[in-house]
Structure formats: C-alpha cells, structure tokens
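Two complexes are shown next, each including chain A; its partner changes from chain B in the first to chain C in the second.
Right after this comes the complex of A and B.
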C-alpha cells in the first residue's frame, strides 16, 4: 500500500476580482466578483514507503499547494488524500505524528526562544521520550552541526542556521513521511552541501521524502523519481535517469585548434554532428548525440585533421532538461501515474 | 490533563520572551489598574446621585464589574493569542499548527501572553472580594460551590465568545480582528444590569452574544436581585453551549483556511 496517495486532487482558490486602486476596492464592496484559480488540477500521485520523490515545476505551478494538500493543511476542493491510509483532516492527530513538513520560506521555531527550547517544546508536543530525543539530536548534530546553534535565540539565527534548526524541528518526532518545500532556498554552497548530505542520511534510513526545489542539484543524486508539475497538472512522472537518457543525450565538445580549419572540412569529418565556430576562429563547438557518436570518436576525428590545443566535453544537467520542458521546448509523453 | 500541561508549556514559551521587555510589563500593568480605578470612580460618582439602579446597589455593581474584569483578565493572561488569529490566518501562520498533534485553536490562543491580564485578575478578584463583603448573602457550602461554578462558567462564556468572534476572521479575510473587537465593545454594555436596557439590546446580550451571562445573570441569582433570578442557574449550560458553538465555528473556519503563497 502506498504511504501517500492522492486521487483526482484538486484545489481551486477563489480570488476577489478587484479593479485597480482604491476605486476598484470600493467598487468590489458593492459588486462582489470573484475569479476561480485552479492551483492544483486533478492530480493522481502515489508514493511508496521509502521512496525519494522530486517534485519540480516553474513558479506558481502548484508545488506548494500540493504539499499543503498532502499534509492536510489545505482541504481539497475535489479529490482526496490518504496518508498511510488515513484521512489527513479526520485523523489529523495521528497523521501529524507520521508526517514532517518543512517550508523553506517559513520557520516553525519560536522567535524569542533559543533553538534548544523550541526543539524541547516540539519534543513535548509530539510526546517523544527523552532518550529517543537525545539520540535524534545527536544524530542531527553529526550532519547538521546543530550543537553550535542550540543556544541561539530564534530571531538571531542566520538563514543557514535557521534552516538547519528547522530541519531538526521537522524531523524531531521521527516522521515516516517528510515533505521538504524549497529546503535549500537562499543557502550558501557549504550549507547546501551539508543539508543535502542530511537528506541522503534520512532517505537511507527509510524515511519517505518528497522534495520540491528550484535547485535541481538538490535532486540529482538524491531522488530516483521525478514528478514535473505545470499549471496544476502533472506533466511527467517517472524515472529521473530515464529522463536524462531520453532528453539529455546531447553532448557538446569544445575544442581549440592550433590553426583555423575551414568549417566544411570539420563538418565533413563529423557526419551527424553540428559544428559551429565559437568566440575565436580557432575555437569550435561540436554538438552530437551520445548514442550516435562517443566523445572519443569525435576527438579522434578532429585530431586527424589538425593539432588540438585543448578540449572539453559538456553534458547537459537535468536542470537544462527541465528548463526546456518548462519552456515547452520538450514535450514529455511519458505521462500517467507510475505504480 | 496532558492538553492542559502542554498548554502551559506553549504559553510558557511566550511568557519567557515577555520578561525580556520589563518596562512594557510594568507600564501595561499600571495602565490596566488605572483603567479599573477609573471604572470604579465612575461607578461611585453614579451611585452618589442614584443610590440604587433598578434595584442594584453600588456594591452589587462592584461585584458585577469585578466578574467581568476577572473573566477578561483570564482571557488576556492565558488566551491572548486568540486576538492574533486574524493575523495568523492572513500570514498563513496556521500551516505549522495544522501539522502538529495539538488542537489548532489552543496553539493559536497560546501564541501570546497579555500581561495586563494579571492586573485585571488581581483587581477583578479584589472587586469581587469587597463586593461580596458588602452584600448580605447567607453563605452555605452549597452556595459557595455554586458561586465557584458560576464564576468558572462566566470565564468560559467570555473565552468562547472571544474565540467565536475571532474565528470570524476565517470568513473576513482582514489582518485585524475588527469584528471581534467591535463585539467585545458591545460586551462592555453587559457590565451594567441588563434590566436597564431596551428589549432589543436585552435580546442581543442575553441570547445572540450572551455577555449578560458573564456577570448579570449569575450575580443576580447569587444576590437574589431583580426579576427572573432563576435564569442565572442556566449559566453553566450557556457556557457549555457557547464552548461547543465556538469550537464548531472554529472547525468550520479551519476548512476555509487557505494559507499564504510561498
């Protein structure tokens, strides 16, 4: 049985349709008009226990709304959610023990309390016994280096410190499912690395993780499954590696030659590849499909024509692929819920 | 029991923070005491002219004022967070409340401590004490127990009305609790004997927003003053009804909660 299941999940927000300025607001008082905005549109999603799922999409695609629906914060307009077979509103208390939520843009720590106190209040709310609590704190400390921020008061935390503390807060009760909504937003690289390592450690312990992020480096090497949402609909749900194989086949070989070589000569020796001149006349870019030609073959072919001074191969990141999906350049047809 | 213990834990988290701002603490406490003194001076001036108001003496009025003050004090000291509900809804702050295994309404109401409540409780207690010392009631154990029950019911009614009117913020998407505050002002009318008001106002204060059950009806019953004294005995029932209704309104409101965009 999937641990998280959503069927035809839909959320429609009703927004007042006001004219511009004060005049528009006053007019709205007398003639109330509303506009429906479909934030999430009939989403089917099922996540098995232990899975790590990346949930990506452009701004305003409905990512956060989905997370809020899946955690029971919002009541769906249509459709339903089950967490471990439970209804998130009807069994709110039980579900609360099984899920952990982190919104990167919002803290759940107490503003005027030291981190240690905030965590202790949460420990008591969730009824975590002291031994387990100490064990978890020690483990969080290993990866997140929590020790140094425990005595710091909430309002005095830097963004990186706050995020580490919030991660601990979201996981202090040992939830089975964790929703991480933009958990690395605004962090510097060193902290990002540490936080990513932490994600891997909780995944390896068998926690189910759903991660939304704009930074696709969060996803590579962490999630095997990729779900792409756009305009409230899931447009792709499948294996991350498969997407890369399918849509990230292009490689770009950048070469610098000792002397200028006519483009036609280059093109003739590299059938099936696109050759263009780059910033100077001794620098060329060769685009090819890695299933048609290997980088080695391309280099060998070029070396037969002239002396190579330098070369480098670029492979597209999953980021490029998803960016191209967003912009409508690539149409993924592998849709439909995956079991 | 566990709920109550955790409530104090949550409240304590804010109380500690409050002590960081000592000056605020003292100014607020002083201002509250002054306000109650003004109330008493006003009452004394009134009763210097008319010794009895619709059958109510000065001391029985002090008793009524005291009950309201005490109920308000308990509300401020322990449940001040309710008055932040509009803001919490507007800012999407209920998100985390909703994923914790603790009642959302209690997480909201424990989110602030109104230290002025402390002086209101003390002043209200003193008013009730002196009021009682000056009225002639035969205190049997049964009557004392009833008095305590009525007082607890008063406080519950006050809190329930505050919660219900603040929960209106789920429908009125304003960041300030204007509606609840307006209703609170209406409630101030219930400091005086209900019998001096016209019928429509009696209906509002007795039935629609039963502020009259916070002080007028229970005190009338205890002091055996005015007509239809028996109504005061309904106070515990009214309290149960108010608490139920408030919880219901809050629950319905929560279903409308839309969070805030990230």
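Right after this comes the complex of A and C.
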C-alpha cells in the first residue's frame, strides 16, 4: 500500500475580482465578484514507503499547495488524500505523528526560546521519550552541527542556522513521511551541502521524502523519481535517470589543440558530431550524442589529427532538461514513462 | 497532557523575554488606574451615584483592573498574525488540538499577569487604604467567578481572532471587540449606569462575566443567591463558546488560504 496517496486532488481558491484602483475596490463592496483560481487540478499521485520523490515546477505551478494538501493543512476542494491509509483531516492527530513538514520560508521554532528549548517543547508535543530524543539529537548533530546553535534564541539565528534547527525540528519525532518545501532557499553553498547530506542520511534510513525545490542540485543524486507539475497538473511522473537518458543525451567535448586545425578536417573525422570553434582558434567544441559516439571515440579521432593540449566533457544536468520542459521546448508527457 | 503542559511552559518562559515591555505596560496600566480612581473620586465626592459610593467604586475599579489584566497578554496578536500570514500551517501539523493548545498557552502566560495584578493592587491598597473582603460564601463565589473569567475571556478573544479567517484583517476585529467588551462588561462604567434595556442585554451577555460579575459579588451588591445565578451564566457561556469556537475553527479551516512557501 502506498504511504501517500492522492486521487483527483483539486484545490480551487476564490479570489476577489476587484477592478483597478479605489473605484474598483468600492464597487467590489457592493457587487462582489470572485474569480476561481485552480491551484491544483485533479492530481493523482502515489508514493511508496521509502521513496524519495522530487516535486518540481515553475513558480505558481501548485507545488506548495500540493504539499499543504498532502499534509492535511489545506482541505481539498475535490478529491482525497490518504497518508498511511488515514484521512489527514479526520485523523489529524495520528497523521501529525507520521509526517514531518519543513517550509523553507517559515519556522516552527519558538522565537523567544533557545533552540534547545524549542526542540524540547516539540519532543513533549510529540511525546518522544527522552532516550530516543537524545539519540536523535545526537545523530542530527553529526550532520547538521547543531551543538553550536542549541543555546541560541530563535530570533537571533542566521538563516543557515535557522534552517538547520528547523530541519531537526521537523524530524525530531521520527516521521515516516517528510515533506521538504524549498529546504535550501537562501542558503550558502557550504550549508546547502550539509543539508543535502542530511537528506541522504534520512532517505537511507527509510524515510519517505517528498522534496520540492527550485534548486535542482538538491534533487540530483538524491531523488530517483521526478514529478513535474505545471499549472496545477502533473505533466511528468517517472524515473529521473530515464529522463536524463532520453533528453540529456548530448555531450560536449571541449578540446584545446597544439596548433589550429581546419574545421573541415575536424568535421570529416567526426561524422555525426557538430564541431564549432570556441573563444580562440585552438579551442573547439564537439557536440555529440552519447548513444552514437562515446567521448573516448571522439578524443581518439581528434588525437589522430593533432596533439591535444587539454580536453573536458560537459554533461547536461537535469536542470537543463527541466528548464526546457518549463519553456515548452520539451514535452515529456507523450514520451516519458508514466506511472 | 504532557503536550499542553509543554506549550504552557513555553509561553511562561517566553513571557520573561519581554520583561522591559512588561514593565512599561505595568507603568501604563498603573497610570490608567490612578486616573480612573481620581475621576471617580471627584464624581462621588458629594454623594453616591446610582448606588455607588466612593469606597465602593474604589473596590470596583480594583476588581475591574484585576479582571481586565487577566488573559490580556494572551497572544491574540500572535495567533492573528499566524492565521493571516499562513504560519498557522505549521500549527496544523502538530498532534495537538488547536483550541486546547492556545488555551494552554494562555494559562502559561497567567503567572506574569497575576504578578502584575498583585503589584498594582498591593501598591494601590497601601496608598489608599485596605478593603473589606466579603464573608466566606461570597468570597468563595468571587474566586470561582475569577477562575471562570479565564476561559471565558480566552474564548471571547480566541473566537474573535478566528474571524481573521474571514476578514483577512485583525486590527478592525480587535477594535470592535475591545469597544464591545469595554462597554458591555462594565469595565468602563458599572452596568448599573447604562440605560435599563442595555444593562439587561449586557447582564445576560457573555461580557458581564468579564468584569461586572466578579466585581458585584466582591462588593456584595448582589446576594449569594443572585451571585450564583450570575456565575452560572458565566459557566453557561464558557461551555457554549467552547463548542461554538470549535465550529468556527472548522469552518475557518475551509477558508484557509496559505500563499507561498
């Protein structure tokens, strides 16, 4: 049985439809008109225990709304959600014990208390026994280096410190499912690395993770499954590596030669690849499909023509693929594997 | 229970963070109290008005002050802000009942309010002379009435703060509540000073229990029998509002819109 299941999940927000300016606002007082905005549109999603799912989409696509529906914060307009077979509104208390939520832009720490106290309040809220609590805290400390921030008052934390403390706060009760909504927003690279390492450690322990992020580096190497949402609909749901294989086949070999070589000669020796001159006349870029030619073959072919000084291969990232999906250049729906 | 105790403790500790704020607040309410005492002293200097003599009014004002200070530091601002800003989302994923959790927080903040009342009333009594405490049964009734005041006031504040789900604005709601509360509770002037029909409405409203009921019982202006009725009305409102607020909360959740992160 899937641990998270959504069927025909829909959320419609009603927004006041006011005309421009003061006149519009006054008119709205007498003739109230509303506009329906469909934030999430009949989403079907099921996540198995232990899966790490990346949930991505452009701004306003409905990512956060989905997370709030899946965690029982928002009541769906239509459709239903089951967490571990439970109804998130009706069984709110039980569900709360099984899920952990982190909203990167919000904190669940007590603003006026030291982090240590905030975590202790959460420990009591969730009824975690002291031994387990100490064990978890020690483990979080290993990766997140909590020690230095435990005595700091909530409102005096820097963003990076706050996020680390909030991660601990979201996981202190050992939830089975964790929703991470923009967990690395605004963090510097060093903290991001640490936080990502932490994600991997909780995933490896069998926690189900749903990760929403604009920073696709959060996703690569962490999530196996990719779900893309746009305008409230899921436009792709499938294997992350498969997407890369299918849509990120192009490799670029950058070479620097000892002497200039005529472009025609290069092209003739590399059929099926595109060769262009880069910033200087001894630097070339070779674009090829990795299913037609390997990087090794390309290098060998070039080495037969001239002395190579240097070379490097660029792999496109999942970021490129998703960017192309957002811009409408790629339509995954028709070709991508669907679940 | 452990969860709610933890919440109460957290507020109790947070309250300490605002020592300076509290000290300033103490100064403000003290000045207000002194001003009210001075005004009524002049008004009642010659003769009693509507049956209130100056010594009685002095006691009335002190009880009104105490009643007004209880549950005043309750984080209605914080709760309203969390609803309007969407931070309430995080309260919703906690394994606690929202209403009970907020009530626990209110209880946690009580100690500092009681301390404040002790200081102000103590100083005032030291300066203006002691008061005669009522006899046993009336005193017991007064204590019960003051205890009921805590959930009653909490529920009125809580319920009106829930209106933020609909109004998307808190200041207006708060002002309206304060205006109604001040007038109908007898905090501004004793209910006996209001026009007859309004006094009757006020007496049966939940607001009378916020000031008028404990003050009248303490003063002995109502006998124990009548006092019992007034306290029963308080209790009735507590129960009614407790369940009413639950319905409101459920309806409010359906209206909840949380934008962004």
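As a working rule, the second predicted complex is superposed on the first by the 332 of 339 C-alpha atoms of A that agree within 3 Å, B and C clash if a C-alpha of one lies under 4 Å from a C-alpha of the other, contacts with A are read in each partner's own complex, and residues count from 1 in each chain.
We take it that contacts are C-beta pairs under 8 Å (C-beta built on N, C-alpha and C of every residue); 3 or more make two chains touch, one makes a residue touch a chain.
Since the structure is predicted, the reported quantities are computational estimates derived from the model, not experimental observations.
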item: Superposition on chain A - do chain B and chain C clash or fit; value: clash
item: Partner chain in contact with A:117 - chain B first, chain C second, else both or neither; value: both
item: Partner chain in contact with A:76 - chain B first, chain C second, else both or neither; value: neither
item: Chain B versus chain C as contact partner of A:57, first or second or both or neither; value: neither
item: First, second, both or neither for A:13, with chain B first and chain C second; value: both
item: Partner chain(s) touched by A:92 [first = chain B, second = chain C, both, neither]; value: both
item: Partner chain(s) touched by A:160 [first = chain B, second = chain C, both, neither]; value: neither
item: Common ground on chain A, meaning residues reached by chain C in one complex and by chain B in the other; value: 13, 64, 68, 71-75, 89, 92-94, 96-97, 99, 101, 103, 105-106, 108, 110-113, 117-118, 121, 124-127, 181-182
item: Chain B contact footprint on chain A (complex, rising order); value: 13, 64, 68, 71-75, 89, 92-94, 96-97, 99-101, 103, 105-106, 108, 110-113, 117-118, 121-122, 124-127, 181-182
item: List of chain A residues in touch with chain C within their complex; value: 13, 64, 68, 71-75, 89, 92-94, 96-97, 99, 101, 103-106, 108, 110-113, 117-118, 120-121, 123-127, 153, 181-182, 185
item: Contacting residues of chain C [partner chain A, same complex]; value: 2-3, 5-7, 9-10, 13-14, 17-18, 86-87, 89-90, 92-97, 253-254, 256-258, 260-261
item: Chain A partner contacts - residues on chain B that touch it in the complex; value: 6, 9-10, 13-14, 16-17, 20, 92, 94-96, 98-102, 255, 257-259, 261-262
